[in-house]
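Consider the two complexes below, in which subunit A is the common component and subunit B and subunit C are the respective partners.
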Partner chain A sequence: MKRGVAITGMGIISAIGTNVEENMTALLFSKTGIGEISNITTRHQKDIKVGEVANTNSQIAKSLQLPENTIFSRSALLGSLAAKQALENAQIERISEYRTGLVSSTTVGGMDLTEKHYKTFQSNPETLKYLKSHPAGDSTQKIAEQLGITEFVTTISTACSSAANAIMLGARLIKAGKLDRVIVGGTDCLSKFTINGFKTLMILSNENCTPFDANRKGLNLGEAAAYLVLESEAVIKKANKKVLGYVSGYANANDAFHQTASSAEGEGAFLAMQKALKVANLQPEEIDYINAHGTATLNNDLSESVAIKRIFGDAVPDFSSTKALTGHTLAAAGAIEAVYSIVSLQEQCVFPNVNFKQPIPELNIPPAVKFQKKKVRHVMSNSFGFGGNCSSLIFSSE
Partner chain B sequence: MKTCFIHSAICISAQETFYNNDFLKEASEVTTEFASAIHPVYKDYIPPAAIRRMAPGVKMGVVAAKQSLNEANINIPEAIIVGTGMGCIEDSEKFLNALIDNDEEFLAPTSFIQSTHNTVGAQIALGLQCKAYNMTYVHGAVSFESGLLDAQLLIQTSEAKTVLVGGVDELGKEFSVFFNKIEKQQPQGIQVPFGEGAGFFGMSSEKAGAFAILKDVQVFETVSVADITSKLKAFLTNNGLLFQDIDAILMGENGDAYDVYYHEMQASVFLKTPQISYKKVSGEFYTASVFGFWAGCHLLKRQEIPKILLKNSIEKKNYQHVLLYNQYKGKEHSFTLLSRC
Partner chain C sequence: MEGVIQQFYLKSSILKTSLHIQSFCSFRFNKIILNGETVVAKEKGLSFSEFSKTVYKESGIAYPKFFKMDNLSKLTFLTAEVLLKNCALPSEEKEKMALVLSNRSASLDTDRKHQLSIQSKENFYPSPAVFVYTLPNIGMGEISIRHQIKGENAFFVFKEFNAKFLMQYSEALIHNKKASHVLCGWVDIEEDAYRSFMYLVSKRGTYIHSEAIINKEYQNI
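Here is the complex of A and B:
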């Protein structure tokens, strides 16, 4: 029996590319997508750096062949594009052939449209149509419509661990035999709401972020969407499908420490990693690479490092954060990093943690700084969010 | 697979459902523009310093959760699951207004922090120091049912022995007014007032002390009116039941054009079944079905239907299986099957 739930397709759009190949190339050459914000007019333009998707809304709408007057939030646009790629990659043509579900995730929802039109809702009944995109479930519904999914459709929102939790639910539903196929992932666009929210928390860096560096100054926000297609063993056999990798471990735990900050001992992160290993039936030394949460905030990187050290002791595997390339894409982070974890399995490589100079003195466990080819069988991917929400996933090549 | 037993059902709503134990005897239809919740005395449950920062949704959620755990005799649950359609909308409004009015200057982080969708689940965990699985579903009218489905899955597969699951939405101050305007623009919009509330339920794989079983939940995005009955038939068949085995149906009618989905069943396969309609007393909101679920639980526990909820005049001596059906605007459908234990 296989270890986990098969992944047969993936799709992604992020600051480092509009499909899997472009993202892969950027990862292999450490090409960053961090820069000055251009799609949103904000007072903070000069004092933040972001991982923005270059494509404008109308470009994405055009590539999706949406009719002129449709109202899609940017999260719905990014999500539809990535989810469609995932289906194509999995070579799924008839969606209704199997019991198919969609578990998406978002934190921003339709906030980009809401914040643009909010002050007109009272006076101008014409603009109220934009309000309908506000609820978090809206982008998921738009994606479901684009894919033709009519059965189980839901949305998870647990801040920055959202997509990791969507992947976990999809895997659990397939394992339990409730569904044959689930499209899982997340989408979040940049918005003034989140930019200003993180700004008030004083955790945005005005430079390119430096995860796990002693002198890190904070995070760069990003926007992205990514989806995986998970399929049951029976479908794989019947359709003789190519498997990209397996979701072998997953867990969610709560830090129960503070609404926004992580505990000094990284308890939630520790519990999530520990339980994910247990679900995957793996020993810590079997993990070949960790795609860390690594946001480059003072708090996260220290807390996560402590938790990693608690799990792995003196034998910490190669780990890195890819957020220095993509920015922190909030709800989508767990999904884009799942794609990167699978690329790591496919290419048998470890991605460097760019912009790193000096290890955090308290711990002295430096991340991987060079791109390297090596035997990679199991990759751990961490995603931690507000509300102490900590998730860890394990992807395996067999 | 293990069975999912229901041990407690607590609800804060537009009716006196929190303190009052008379199962809606004094309840009445809401006639005001909005169905605001009747709030408990929060200081009896939450430290005063914490209350100040909490929006109504968080307070309702935290207190309903606490009471639900008490009644279920669960100290620390092995999972906390929350459904919320709009999330912490009052803090979202606050931060949005401050952001726009002050042109991105002089902002404080509090309302941004509290606006995060998983605030209720996080606050429950923080209060209990509960480090277990913590999930928040935000998919419109199936936010709560997605949580129920997860809760049942956790218990069935022995991933957790005890689960706290609930749903919560708050009215806020502005979004509800705007959504009202949208309804007024429709030829046949929602006829019951928009409302708010919270319901939490203690579930476990242990039977002792339980009064009902969560038999099954099905969540689906779209279906045609023509297909709804056959869809339900398949759901019941899956659970070894026929239409006539259902002793009461609780439907989420809100008076809008999409009520045809309910009418389709009420006028055919459930013509002789006690029919319950609850949104005129709870108000409509994305997690209003929590009120229906709460009523379904107490119906099985007490073996009676509150007069105010009964739509037809049919009653039964015994209530064994209760079915809930809810949808919103022809989307976000859910079937929930409860049985007496």
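Here is the complex of A and C:
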């Protein structure tokens, strides 16, 4: 069997930790990062719970050795921090040694700065520089500059499947021989725009979210960034590099149902999982754990469960959503969950789906509720976005 | 980006078998042309809203969601409707079809309307129902939903109609077995100045899939 694309490094910052080790510890002990919002002043403060990164912008800027009055958006700050960790973890010192690319995803872009300055920028040209960070591509460019990447730099913004698609594009670029290594992942900070937007859709819970529970009330938004380093087989051999795991399967499919809702049959999710298994050349029964999309909205969890049942039949593997710990981090979700999938392979364990009480009656397939050690060779990670943009990745230990 | 795709295509073109176009359809100046023939012609004075509503009603389609769409999506939807009705593809072929559309103005027509409602002191109401259409590829979503198309899709914004790019992109999709049919073309609207041109690329069909023919048919309205 042909191997997937090797992962040699990872970096992460989320509500449950500022590096891989802290995230791993939080996962092992089911330590939640969900709480009241503190960095953003919003009228919804009392009605929502979020997964916020504790570090302030100036703290992150300082650790990146950026000036105090940086024009980096919070997404660019979080992204730079996580991407630098990934490079360090992969022990990459000279970027120019190989053809190296960056595929970064974001949905929020520089919205946090735009929100602060859009009322004054016309009268105060001093603030215009902050608005220049608005486009999604700006955060990617800033991360690329921080890493010194000039070869291939691109941004993906496909709602909540963004980072999964970034990982998929990176893996395909390596497979096609277009790049020798590529940093892939995503970053999204919290912003009023996202809070208000999701509030309008009436899918935010005022309590800690309960993925896959019969009485789930909606999602908790979160902020995070995570990146993986993918390298070609030639580079791995030449440098005798340690491999953390492989991206063995990936697929993206179109649900063709609704702009902001998933179909009842979970068609897009079904097709994405089916195609990812085909790319990985695996049978459904070879999947040991699914890190589900599991946002805790009524619509997603039902639709995803139906799709999982359609793929796995009566032998549904252990599955759980880690969003009850981190919140839904939108364009970073696929990337932080890729890190968690690799941790699952490394630690040979399955993470629990916290806050779960009762299974969805229509399906009766409960998620894993206890942390368990078990043989894990292949992990599936799902990410489904608005617009019916459904992606599924498979990570394998060899 | 274009260069990369062209290079990519050149490699795969070695195994090229010639492709065809099954049908063409264009909307402009309140006229609809299908495979060279004028099938609908309305008064020039009608606005796009009036024209599209008349076309919808006369086509006998029952799809109330049409009325929620923005003008770019209406144009995309109706052009695909006329074209695909003429092609009569089985649903399993449609499901695997790819979509490759392009235009010049992205979703500016709707973006401006949304911005005006944000700026309006008297009628401040940035509607979520308008907001969802402030992306040019939403029209592709609408036709995917209508026809249950689940293949690859991409929307490109160009200064002008680019037959060569569309041709190479669809050939790459078909030769790399990503799709057996590609619904391709141009859908552009700014106020009442609209123009659409769609065609279906496949292995069989009346016309040869060539840059010259695509350009000729594009100019045909």
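General remarks:
Going forward, the second predicted complex is superposed on the first by the 394 of 398 C-alpha atoms of A that agree within 3 Å, B and C clash if a C-alpha of one lies under 4 Å from a C-alpha of the other, contacts with A are read in each partner's own complex, and residues count from 1 in each chain.
In this text, a residue touches a chain if its C-beta (ideal position, glycine included) is under 8 Å from a C-beta of that chain, and two chains touch if they have at least 3 such contacts.
Note that the structure is predicted; figures quoted are calculated from it, not measured.
After superposition onto subunit A, the modelled positions of subunit B and subunit C overlap sterically. In the overlay built on the shared chain, the residue A:Lys309 is in contact with neither subunit B nor subunit C.
Once chain A of one complex is fitted onto chain A of the other, the partner contacts of A:Arg99 are absent, as it touches neither subunit B nor subunit C.
In the superposed model, A:Gly388 makes contact with both subunit B and subunit C.
By the touch criterion defined above, A:Lys241 lies against neither subunit B nor subunit C after alignment on the C-alpha atoms of chain A.
In the superposition on chain A, A:His117 makes contact with neither subunit B nor subunit C. Judged by the number of subunit A residues each one touches, B leads among subunit B and subunit C. Of the two partner chains placed by superposition, only subunit B is touched by A:Lys132; subunit C is not.
With both structures placed on the common chain, the touch criterion links A:Asn254 to subunit B and to subunit C.
Residues 200-201, 253-260, 267-268, 271, 387-388 of subunit A lie at the contact with subunit B in one complex and at the contact with subunit C in the other. Residues of subunit B that touch subunit A in their complex: 80, 85-87, 95-97, 99-100, 103-105, 107-109, 112-119, 121-123, 125-126, 128-140, 142-143, 146, 150, 153, 156-157, 159, 174-175, 177-179, 181-182, 185, 219-223, 286, 331-332. Listing the residues of subunit C that touch subunit A in their complex gives 128, 132, 138, 141, 144-145, 148-151, 153. Subunit A meets subunit C in the complex at residues 200-201, 253-260, 267-268, 271, 387-388. Within the complex formed with subunit B, the residues of subunit A that make contact are 42-44, 102, 107, 114-115, 118-119, 121-122, 125, 128, 131-132, 134-137, 140-141, 144, 149-159, 165, 169, 172-173, 175-176, 178, 192-193, 196-197, 199-201, 251-260, 267-268, 271, 385-389.
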